[in-house]
Every structure is written in C-alpha cells, then in structure tokens.
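Here chain A shows up in two complexes: once beside chain B, once beside chain C.
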Partner chain A sequence: MEPLSLSRAEILAVLPAGFLFITGLIQLLSDLGDTSKNSRHEKTHLAMIGATGALVAFASLFVQGTLASTGELYAGAMTDDLFGRLGAGVIIVTSLFVTLMSGGYLSSSGNNKAEFHSLINFSAGAMVLLCQATNLVSIFVAIETLSLAVYVLAGFFKENKSASEGAFKYFIMGAFSSGFLLFGMALVYGLSGGSLSLSGIAASGASSDALFAVGVLLVLIGFAFKVGVVPFHSWVPDVYQGAPVLAVGWMAVAVKSASFFALCRFLYHSGGGAYLDQILVALSVVTMILGNLAALNQQSLKRMLAYSGIAHSGYLMIPVLVALSGNDLSIGASLPFYLCAYAATTLAAFGVLTALSVSTDRDNIGDLNGLAKSRPMLALGFTIALISLAGIPLTAGFIGKLMIFSDAIGAGFIQIAIIGILTSLVSVYYYLRPVVAMWFRDPRSSFDLIPAPWGVQFTVGVCGIATIFVGLFPDWLVELSRISVETILG
Partner chain B sequence: MFSLPVLLYLSALLFSIGIYGVLARRNILVVLMSLELMLNAVNIALVGFGRVHALSTTSGEHSGQIFTLMVLAVAAAEAAIGLSLLLLIWRKWKTIDLRELCRLSG
Partner chain C sequence: MDSNLLWIPLFPFLGFLINGILGKRMGNRTVSIVASVAPLLAFSVAFGAWRKIVSDTGVSALHWDGFPWIWLDGLLEVPFALHFDGLSAVMCLVITGVGSLIHLYSIGYMKGDPGYHRYFAYLNLFTTFMLLLVLGDNLLLLFIGWEGVGLCSYLLIGFWFQDDANCAAGKKAFIVNRIGDLAFLLGMFLCLIHFGTLDLAALVNADNISQVATETFEGSLFAGMGVITGIALLLFIGATGKSAQIPLYVWLPDAMAGPTPVSALIHAATMVTSGVYLCCRLMPLFQAAPMALSIVAVVGACTALLAAIIAFTQNDIKKVLAYSTVSQLGYMFFAIGVGAFSAAFFHVVTHAFFKALLFLGSGAVIHAMHHEQDMRKMGGLRKQLPFTHITFLIGTFAIAGVPPLAGFFSKDEILFAGYQAGIMEGDTLSRLFWYVSVATAGMTAFYMMRCVAMTFWGDSQVDPKLEGKVHEPGGWIGFALFVLAIASALGGFLNVPEFLGGHAILGHFTGLHVSPTDLTKDELVALHAGEFTSMFISLAIAGAGLLVGFLFYRKGSGLPAAFRNSPPGAFLGKLSENKFYVDEMYAAVIVRPFEAISQLMHTLIDQVLIDKLLVNGSALLVRGLGELFRRMQTGFIPGYLLTFGCGALVLIYILLNSMAKAGAQ
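Let's turn to the complex of A and B:
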C-alpha cells in the first residue's frame, strides 16, 4: 500500500470542479445572513459570486498549459485531456450565463433563493467531473450527482403543480435509467476481467463477448434516457413544459453536453461488437425522424424546443456512431464542435424564453406575434437562435450539421446523412414559424412586456453574436475539436 | 456458498421485478421501492463479480465491493430526493396515485 499523495497534475485536474463546488457552498452560506427572507429581491451578490466562481474555474482550465493528455490520475479515476477540458469549458460558460440570468428570472416570480444558484454550481461541478471521468465508478457517481441536483432544479417552483409533476416524472425516469446504466456497468466490469477503468476495459478485449455487448447496450440505454433519444424520450416534453425555464435551459445545454462527452469517451474505449453499430443507426434515424415530425404541429414554444432537442440528440448520435465504427478518431471531431455550437444557440433561445416568461405564463407561438415591433433586439436574438438550430448558412448550427453529415458520408453512412439532411429540411418549417410570427404578424393581444432583466439581455446578446461569429469563422473551433478528440485515447 | 451464475440469475430476477414495479404499479411509494430494488439487484451482481475477480487476480483487489459501497451511498441520496418529491406531490394532490398525475399530456 503506497502512501496517499497527490501529484501536481492530480491537483490541477480537479481545480475546475472544485472551484464550482466551493462557489455553490459560498452562495448557500452567503444567503444565511440574509434575514429579510424576501425572495423578490434580485440578490445581485449571488450572481456576482457565481460569475466570479465560474470565471476562476474557467481560468483554471488553462493552467495545465499543455494540450497533451496527462494520462490517468487518481489511480485511473479521471484524466485531464483536452477533450475533457473542452467539455468542462462548455459547461462552465453555460453555468456562467445561467447564473447571470437566474437572479432576474427567479425574483420576478418570488422564488429567488440561494439554493437555485448553488444547485446550478453543484451540478456544473459534477458535469465537469463527468467529462473527465475515465472509470466506471467515477462516471456513475458524477452522473448521479448531477442528476440529483437537476431533479431538484426541475421542481424548484414548489407552488406550481405542473412543475412538481414534471420534476417527479423526471425523477422516476432518471432513476429508472440509472438502474439500466448501473446494471450495464456491472456486466462490463464483470466480463472485462475485473477492471473498472476504461483503459483496462479496452485492453481486456472482451468486446466480442455477447454478455459484454449487452452490458454496453444497457449503459447506452441509460445515457439515451438522459439525453432524450427516441424511444427513451417520453419524459422530455412534459419536463420542458413544466419545469422553470432556466432549469430547462440548463438541462438542455449542460446535461446533454456532459452526457454526450461521457458517452463518447465510454464507447470509444469499450467498443461494443457488431450489433452496437446497427442499434446506434436505428436510434439515430428514429430519433431524427420522430423528433422533427413531432415538433411540426406543436403550438407551445417549450414543447417545440423539447422535440427539437430530441431531434438534435439524434444528429449527435451520428458522430458517436461514425467514430465508433471506423475507429478513426479524427472523423468524430464534429461532436465537440456541434455541442459548442448547440450550447451557444440554445442558450440564446432559452434566454429569450426567460425574458418572455418574466412577463407572461403563455408560451404559444401566437403570443410572439409582433414581438419585433415591441422588442426588436429580443426578436433578433431569437431569430438568430432559430435559424442556427434549423441549420441555415452563416450560423454555427449550419457548420455543425455540415461537419456531421460530411463525417457520415466520409465514413460510408450515406443513407443516414440523407435522412439527416431531409429531416433538417423539414425542421426549417417549424423553426421559421416563430420567426414569421415575430416579424410579419400584427400583435394579437396586448400584454405588457416587462423589460428583460440585464442578465438575460446580456446572455441573448453574447450568445447570438457567438452563434454568428462561429458561423463566419469556424476554423479555430474545428481545429480545437479535432485535436481534442484525438486526446481521448491518450 | 453460491456460484457466480446463481448470483447473476438472482440479480437479473430482482432487477426484472424492479422494472415491472416501476412500469406497472400506480402507487408512488411502491414505485420508489422498485427503484431501490433495481439498484440493489445490481449490487448483488457487483458483489458476485467482485468476489470472483478478487479470488482470481493476484493483487486481490475488491473493486466490485467498493463500487457497491458507492452505489449504496448514491441510492440513499436518491431515496432522499424521491421521498421529498413524494411529499411535495402529496401536499399538492392529496394522493400518491400515479394515474392522478396526468395534467400534462400530448
């Protein structure tokens, strides 16, 4: 038994997650001294603590200074490669924006409590660990920690019946999927010669074993629940409609990004035999088709974005499949890029939804009529987000879809690329409906739009500009994604 | 002592009972118990595998047993969240029947 000692690399590897956890604790403690118990105040200090913590955590991502993987840390429990750090970067930036938005949003409904801010930071810390995890135990503990925090966030508005119901459905489905994830992990552990670390599993060469393939499939099902892939998507629309808008934005961006980063790392190492490719193809195709078709006739913006999120999970399965089947990692570079582009775009969209929900409970597409006249900048930000989600040129979403489909064609999955292109053509219809409503319709009913809180305006502006900027100058991010994917195998 | 296949069959059986309970039962308390049953069924498989691997490898690692301890801690935290959500549902609806929770649909 060697004495317990930490190397410099091990300490640096946990700094980002550590700063996020500490920030969450400070936010909780700082609210103890607040005797007024008035949850209608904006409590700017909470946002400032959160923003400082997120910026420090983001800066600590650069401390390592080298792009190369540092190998396995903590006896193989985690690593500090560029792939993990890119995922951590996406999550930390998302948590920064959500923190800035939450004060104004929560105080408008009288629910501004420090718990919301600190739960965001706790789940962000767990997600950063999930991106860096290289061991079955650390993956499981990280995914459970983030899930438990997000269950509470989904049900944060206690007086709201539909929020409670959405949170409970989310909890049941999430815990159910954790069972599958864990059973799969037990089989993978048992059949790979007793190895918990991903590199040990890869080295054991068990991927031809049928029971091992079942284990990998069960883990895949567990992750499919978390990211909302058809047929494991039934909870998504209900939760999106019921939960607080900001919690939904956090789930849509951060939970999905972290899960895909971890799933990608797991599948690269485990492999999964001949059948896994076909199952991934089926999941991806069904998700793209059903997600886009179900979004077509939704009247509620939140439900439309829910089905759109499901469809985007389908697109994201393609690079996982491509990289897994070809074992050529450079070809799977579209996954980190697409997640970065998707994060910026979706944050802008949910920023606009947050701004609207400060004023009104209604979220029908018809309620957007004439928004361009009353709130031109908000309408512009939403338009940019929607055309980027639809994949129209000059936006980040277009470059992301282009990379995914060209990767698919390059790896010989031409049918999937064709289905993906056709379904994204269909999606243009429902993404443009709100745009038409905002710019070309007259206001139907007049409800007073309260000016959006400053954090929301800031987020919509920065994310909208980022979406266009990445769409015009994608080269640096493409290169970063390519290098990061190559660091997975060390 | 039981052999590994027996433990795995027992684990799979308990896991299936848990799945049935979550999908078919309407009482939320029973659903929560079924969720716990699923996690604990996996613990049996983990301990079984862990014992086999601890005997077969020279290093004598007990990683399966350590994984089980982690799962127990996570299951306890999950039960705490689940029961508090159950309490919230009870206060709002005055029922713990899942059929009553169908306000959202479509």
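Let's turn to the complex of A and C:
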C-alpha cells in the first residue's frame, strides 16, 4: 500500500470543511456536562466557538491564493475553484449568523443543547464539500451527510408534535428522493463505461444515450427535491411550518445554495445537460407559478416564506438553464449572485421570524400588526427583506432578478422571462401584506414582544444593510459571480 | 474656460434653496435680503464677465466646459457647459439687472403676504432657470431652462392659489406651453438626427448647415421640405408657446392673475422673450430656411395686429399691458421674419425696460388702489400718484416710439427692416405686412394713450371709500420705477443706427448685425434715404396715434361713445372686447372634444375594461388559483409521494420525447 501523501493544494482544499467539522466536535465536547436543566441558558460559549470556527473556516477560503481551479484533487473526488469557494463562503457566512442566533432562540424554549450548534456545523461542512465535489460518490456522500444532519435539525423540538411530524415527513420523502438520486447515479455510472468522476463521464461521450439522459434527469430530480422545485416540493410547507425557525432558515439558505452550486457543477462538468432544456423550462415555469400563487393566501408567515422559497427555486432554475444552453460565458453569472443576495435577504427575514417566535409561537401575518410602532428597527429589517424578496429596486433582490431575467432574454428564453416577471409581479402582493400590517395597522394588544436576542438583532441589522448595500453597489459581486462561473464553464 | 460663469445661475439657485427650505423660519426681513442679494450677486458676476469680453483682449466669448452630463458614447454626448458671448451677456445683464430691480420692488409690493418666502423662492428659481436658458451651450440645457421658467411661471401665475381662477390661469399657461414644448422637442430630435449634436455652436456652424441643407424629408408626409426648414419651423412653434404668438398666445393675458412684479419680470421682460432669444441664437439656421422665416414674419405681423386691436377695449390695466406685450413680441418676430435679427433683439432689450416699467407702474397703481385693476374705476390719479404718473408716461412714450426714448430706436429699426423687405425690394405680401406693422405702431400709441388717460387723467372715478387712502408708494417701489424710467429713456442709445451717426453697438456686440457689404455709393444713398423715409413714417404714425388717443380720451370727449354707436365701431368693438372669440373657438374645437374623449376613455376603458375586467378579474383569477394550490397541500405523505412519482414520470416522458425529436432530425 502506498503511503498517504497529500499535495499542498489537497490539504488546503479540505481546510474549510475540516474546520467546520472540528468546530462541531468542539461544541459537542464543550457541553458534555450538559443536563436538561441548563438548556434554558444561552450558553454564549457555544456561539463563540461556532463563530470562531466559522471565521477561521472563512479565512481558510483565501489561503489557496489563486482564482484558477486547482484541477482534480483526491483522485478526482473534489476540486478547489472560485465557484466552489463562493458557494462555501455563502454557507460559512450563513452558518455564522445562524450560530449567533441559536443560543438566544433555543434557550427561550428550553431546548438549548450543543447538538443543535454542532449539527449546524456538521451539515455546513458537508455542504462545503458538496460545493467542491467532482465525482458521483463524493456528491452522494456529501448530500447524505448534510441531509441526515438537517433531518435531525428539523425535528429538534422533540416535544412539539408538528415539528416531529414535519421532520418525519421530510425524512421519508428525503429517503425516497435519495433513491432517485442514487438510481440516477447508477445509470450514469453504468452508461458512461464505469466512470465516477464528472470529467470522466463527460469524456465518455454517452450524453446522447437515452438511458444516460434519464439517469441525469433522476439526479436532477434528487437535487430538485432538496431545493423544493415543483412537483417535488410537497415537503417544504409542512417542514417549514413545524421545524424550528432557525433550522428552516438554515435549510432555506444553506441547503438551497449548496444544492444549486452542486447541481450546476454536476450538469456542466458531466456534460449530461444536453437534452434538459425543456425539462428545466417546465420545472422553472411550474415552480414559479405554483410557488407564487400558493403563497398568496397563506396566513402563516412561515408557510408564506416556504412557498416564497419554492418560487425562488423556480427563478434560480432559469440561470441553470441559461448557462447550460448558452455559449456566452458572461451569462449565467446570475446564479451565484442571486444566491448571495437571496442569502442576505432570507437571513434577515428569518432573523425577524426568530425574534417573533422568541416571544410567541404564533406566526400569523395579523400578529405583525403595528410592529413598526413597538419595534421599528425589526419592522424596518423585515420590510427591507420583503421588498428585496419581491425584487423592488434599491435592494439586492432587484439586481438578482434583473440579472436573471436579462440573462434569460439574452439567451432567447423570452417567454420564461415574461412568466418570471409576471409571477414576481404577483408576488409583490403577498410580500407587501406583512409590510402593510407592520406599518399601517394598529397593534393588537394581546402580546408584548420581549427584546430580541443580541444575535438576532445583529443578524437582522447586518443582513438588512447588506441587502441594501448590494442593491446600491452590485458591481463587485456581479464581477465575482461572473469570474466564478467562468471557472466552471470555461 | 471660466468656471466663474457657473456662479451666475448658482447665486439665485442658492437663494432659492435658502428661501425655499428655511424661508418659513427666517422672517420676512432675512428672506428679502437673501432673495434680492442673490440676483444682485449674479448681476455683478455677469457684469465682470461682460467687462472681460468687451475689453480689447481678443476674447469675444467665455466658456465653461462644465462636466459630462448625458454621455452615451458616440450617440448622444451632452455636457453641462455654459457659454457667455455677446448675446447671452446682454440677456444675462437684462435678466439680472431688471430682475434685481423687480426683486427689490417686490419687497414693497408683497409686504405682508402670507406666502412671502414662497414667492421669493419661486422668483429666485425663475432667475436661475432663465439664466440657464441663456447660458446653456447646447439645446438640451437651453431646454432645461426653457422648461424650468415654464414651471416657475406656472407656480407664480397660480401663486394665490386659493382663487380657482388663478389656478386655472396657471394650468392654462402650463398646458398651452406644453404644446409648444412638444414641437421644441421634435425640433431638438431632428437636430440630433441630422446634425448629430445639440451643441449650439455646431448647429450654427456654416459647414454643418450647408451639409444638412441638402437633406429633405423624402418618403414622408413632408416630402420636399428641407430638414432645416422643418427644424426652424418646429423650434418656432416652440417659441410661439413661450413667446405668446398666434396660435398659442392665449395663455399670456390670463397669466396676469399672478402678482404684478411677476407679470413684469416673467411675462414682459424676460421669459416671454426667450423665443426671440432662441431664434437669434440660431440665426444662421433660420437664415438658411427662408420659407420658415416668411412664416415667422406672417405670424409675427398678424399677432402684433390682432393683439393691438384687442388691447383697444380692455378695461383691466394689466390686460392692456398683456396684449401690448403680445403685440410687441409679434413685432420682434416680424423683425426676425424679415431677417432683422439685430433689430428684434434690440427690441427685446428696450422692451424689457419700458414694459417692466409700465407693469411696475401699473403695479404701483394697483397697490395704491388696494388691488383694483379696472381702469374705469380709476381716473385722475395723477394728483395722488404724481411720481408714478411721470414714470408711466415715460414708459408710454417709449413704447409709442417718441424720440429719443428707447422704443423709438428699436421700433424704428424694425419698421425700417420691414420697409426694406416690403417696399424697397419686396412683393405684395411683404408690402402688406409692412403696412400692418406701421398700422400697429399707430395703434400701440393709441391704446397706450387711452390707458394713461383712463388711469391718470380726467375725473376721478375712484370708489369714495378708497378716496384719501390712495398714496404714492415709496421705498423700493419708487426706486425700481426711477431706475427703469431712466433705462427706458436712454436704452435706445445702445444701438443708434449708423445713418444717425451711431455705431449699432448692440448689434455688433451680439453678432446679430448684418452690415450691407459692397454697396455702391448710389445704393448707400438709396438705403439711407429709405431709412429716413421709414423713420419719418414711424414718427408720424406714432404722433398720430398719440394725438388721436389724446383727442379721444381727453376730459369730456364724447368720441369713444360716438364711435361705439356707429355700426362698424360696434362691430369692431364687440370683436375686440371678446378677443375675437379665440378662447371660445379653442374651447369648441379642441378643449371640449378632448374632454369628451377623455370622459369616454375614463368610463369605458378605465373604469369598465381595466378596473373591472382586467384588474379585478385577474386578481380574482390569481386568488382562486392560489386557493386551489393551497388546498392541494393535504399533508398526507402518500399523496406527496404520488405527486413526486408522477412528476418524475412526466419529466422522463418529456425528456425522451425531446430526445426522439432531436434524433429524428
């Protein structure tokens, strides 16, 4: 047996994920003496360990020191390029904010256990690996690792019936979709002449084989399930409603980003997307329409955001499609940009939801009435998040939608751009309902908000400002996204 | 490169900002100081700049390159740049000079008005835009000023907005101007298409013009018409809006609803002359479009005559002056039409002096009479208002063309230009228009005499309640009248024609003077003979007008009543009193059909089709679908899995189908 020898690039490539895993372990160890009695404490040390770990992991993204891809590492299991690092960056920053919010949120309902914190970090590590994975096995392992962690997070409030129900549904459906994913991978593996690595698959020239294409489609379905694309979205509303708000926020931002980054890499590197145009168009259109329309009449904020998340997955299918079909490398940059913008915006929104659920378990839109009077900064943060989700100018969400639609038009998908614009027009209705409730309705006297935990205030503030900042000065992020997409397409 | 130029419009703008934002808290004293110092500072900067270009250093114009403003590489490049040459210098000095006086006058006139600070803020803003209009080095910047003065005019006409009539007058001014502005815009687009630039220097460049002059609107409705003619006509239509010419003059008389100093500054001295300024600025362009010029001449002469006839029967002192302004503006355009740009511009300057004086004088009367404007309720005021009477009389003689007052020289130049075009070398039509302009000169003298007589002479018709309260306004009002009276008396010496031993300074300075070249001695003699003849005619007609006016309206004369009782007198009087029914005609032909169509659109298209069917209908549809989708979410896992599996099957079908199609090709 050869002695294990790793190149410098290989060591550096696993640093971010490694730091996250280690952080999760340290958090577990640091809380060994934990009893159920002190799960009402905020346990600031967990947040501190998590934040330090996230910052170190984030810093390690820059150690490689080159924008170009390092090529295949670990015998083709993964790579290290700007596209992967951008995805990892989004995930790590998200984990930082979720970590900061966790202590205050969990302690208020007496569930503050180290497991939650470390599961966030474990799944984050898996997601970072997913962004970098370049062969079928590493993709599958990363997906399953993060999924298992997220199933547990979704059902973290064991005593809560609806949380358990949602988590269980999620688990069953997830197992079902993993079956699709694995079967698809098996087909791809078999028909490409036994190649596991994406580049090998692309080199095999099997892309015109019908069964191979079905295999790619089944893999796509596996990813589509993870990001909640119609008709594989059924779990989303139920899980969003039952699961802890922070776990939902984590799913909405990190799981979705990691899955999209990995999906793009899979499709572009394996050369399997040749016949997927119509499929992607169909998925995107159905998802945009159903997601937005179903959100219209929701009374529950969580369910509304669940459908809104579905709708945004529909918008995100557009750049995947455009980049697949386009021969112009400058388009398709909208995907990373949109995910970054969506991350900031959604984190701000879920921060506000967290603040609300700290004091009350209700989440009806009517419960927001008059929030602007009692908690103006919170209301402002939520308003910024909502108008950014709706894609109204001066926000990051607007620039993201603008890029997506103009890319679609540039690539000749005019109908899909029109449907996208029309559905986002419809979405303004439900995004503005909470805004109206907060600013123009009289407060209900029935409940009094206790002050939001500091981590929540920090998150809402920073993400709200980031949303506006990116909306006003998008150039740098656009450029970064463009370069990152070029590294995997070029 | 002279960045000091920026300060000329910037000072009034700062005044506007300070008064607009802080005015309410500052107290009227501070407001007046800020408001009147701003144009005075602008005047001093403009004066300094003027000194620079008249001093013999070879600099004939100052230019501030400014900064890139609208910049689409190669397509449209518009800098924010200012240009200060002879033409803009004179305009700047008039605007800031007369403007400063009117600001000072307003301090007295507007005393105690609740909107004091608002008034001065608007007035400063107006000055800013007017200066931008004359300083802009490209057509677009000029247009910004053009629109800006229109806005301020609207704001100031409706200044006392509690009265519906004032608001209506403001709106009328604004809307009528918009019609002209549309033509202006189209003209600008044509410039952009055919000249490729909006730079004023490039638009008057001889090479550019001769190049564009070959182009026509081939293949369109106006095939055969030259592009230059089209541009000139469109810009002239724009000018008819702002400068109150047929057919768009109707807003100016109504604009008298604003405070009187506003009428003096905006609706007599400066803004309404911006159309003339535009034509002078683009002189070479207009000269290259003879057909457009003859239309300008016709419109100008007709406007001059029509407005003069209407002025005969107006009883509101400000309305008389308003129609007189329309008539004088007509004169200026007539001059442009016959190619005498220099004369037109000269008349702009002198008119600014004497018409501002007349308006401010009428303002003094109105102020003293506690806002009574009907001349039939005045009379004999010269005893109570001796100073105002004298200055008003100077203004009247100036406008009538009594030598050596300002109006004599400028009007004489216009009449000579008309004489030259009509009698010395013209055809029947131009001859006719010369007669019209001469007749108008006489009518001007007549109705101004009527105005003076009804206001200041004769028996007092003043309301007994007011008797004794009427007194001479002092302070700034008197000062402004005094300075303007001097300017009206001496302004004519700016441009004494060569045959009277002058040097036509203004004409040379502004670059508008066209010297006859290569004349033989005989021709020169003939020319001068023509000038003398014309001058004699204009003197005679002015004298006749004044005399007839005096005979008609002197104390105890029964002539006006006698004239009105004769059949032609009754007919003409009725026409004149009703302003030739132009407003009624516009209402019947344009306004009412337009309103009817709007009403139809409102009920049929907007309320029924859009609101009910499209808006509410689509909202209902969307909501219904949303409810359907919401209910599809049952919560049962078997159902979810079924959707999942079926979805996957459908997708596989689509995939195989599209692959089969691709394979078949």
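Just so we're on the same page, the second predicted complex is superposed on the first by the 471 of 490 C-alpha atoms of A that agree within 3 Å, B and C clash if a C-alpha of one lies under 4 Å from a C-alpha of the other, contacts with A are read in each partner's own complex, and residues count from 1 in each chain.
Basically, a contact is a pair of C-beta atoms (placed from the backbone, for glycine too) under 8 Å apart; a residue touches a chain by one contact, two chains touch by 3 or more.
These figures come from a predicted structure and were not determined experimentally.
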Partner chain in contact with A:Pro237 - chain B first, chain C second, else both or neither: both
Touched partner set for A:Leu218, first chain B, second chain C, both or neither: second
First (chain B), second (chain C), both or neither touched by A:Ser204: neither
First, second, both or neither for A:Thr52, with chain B first and chain C second: neither
Which superposed partner A:Ile172 touches (first chain B, second chain C, both, neither): both
Chain B versus chain C as contact partner of A:Gly193, first or second or both or neither: first
Contacts of A:Val137 with chain B and chain C, given as first, second, both or neither: first
First (chain B), second (chain C), both or neither touched by A:Ser30: neither
Doubly contacted chain A residues - partners chain C and chain B: 169, 172, 176, 237-238
Contact footprint of chain A on chain C as seen in their complex: 622-623, 625-627, 629-630, 632-633, 635, 637, 639-641, 643-644, 646-648, 651-652, 654-656, 658-659, 662
For the chain B and chain A complex, residues of the former touching the latter: 11, 15, 18-19, 22, 28, 31, 35, 38-39, 41-42, 45-46, 48-50, 52-54, 56-57, 61, 63-64, 66-67, 70-71, 74, 77-78, 81-82, 85-86, 88-89, 92-93, 101, 103-106
Partner chain C, residues of chain A touching it in the complex: 169, 172-173, 176-177, 180, 208, 210, 213-214, 217-218, 221, 225, 230-232, 234-235, 237-238, 275-279, 282-283, 290, 293-298, 426
Footprint of chain B on chain A - complex, ascending: 136-137, 140-141, 144, 148, 151-152, 155, 158, 161-162, 164-169, 171-172, 175-176, 178-179, 182-183, 185-187, 189-190, 193-194, 196, 237-238, 241-242, 303
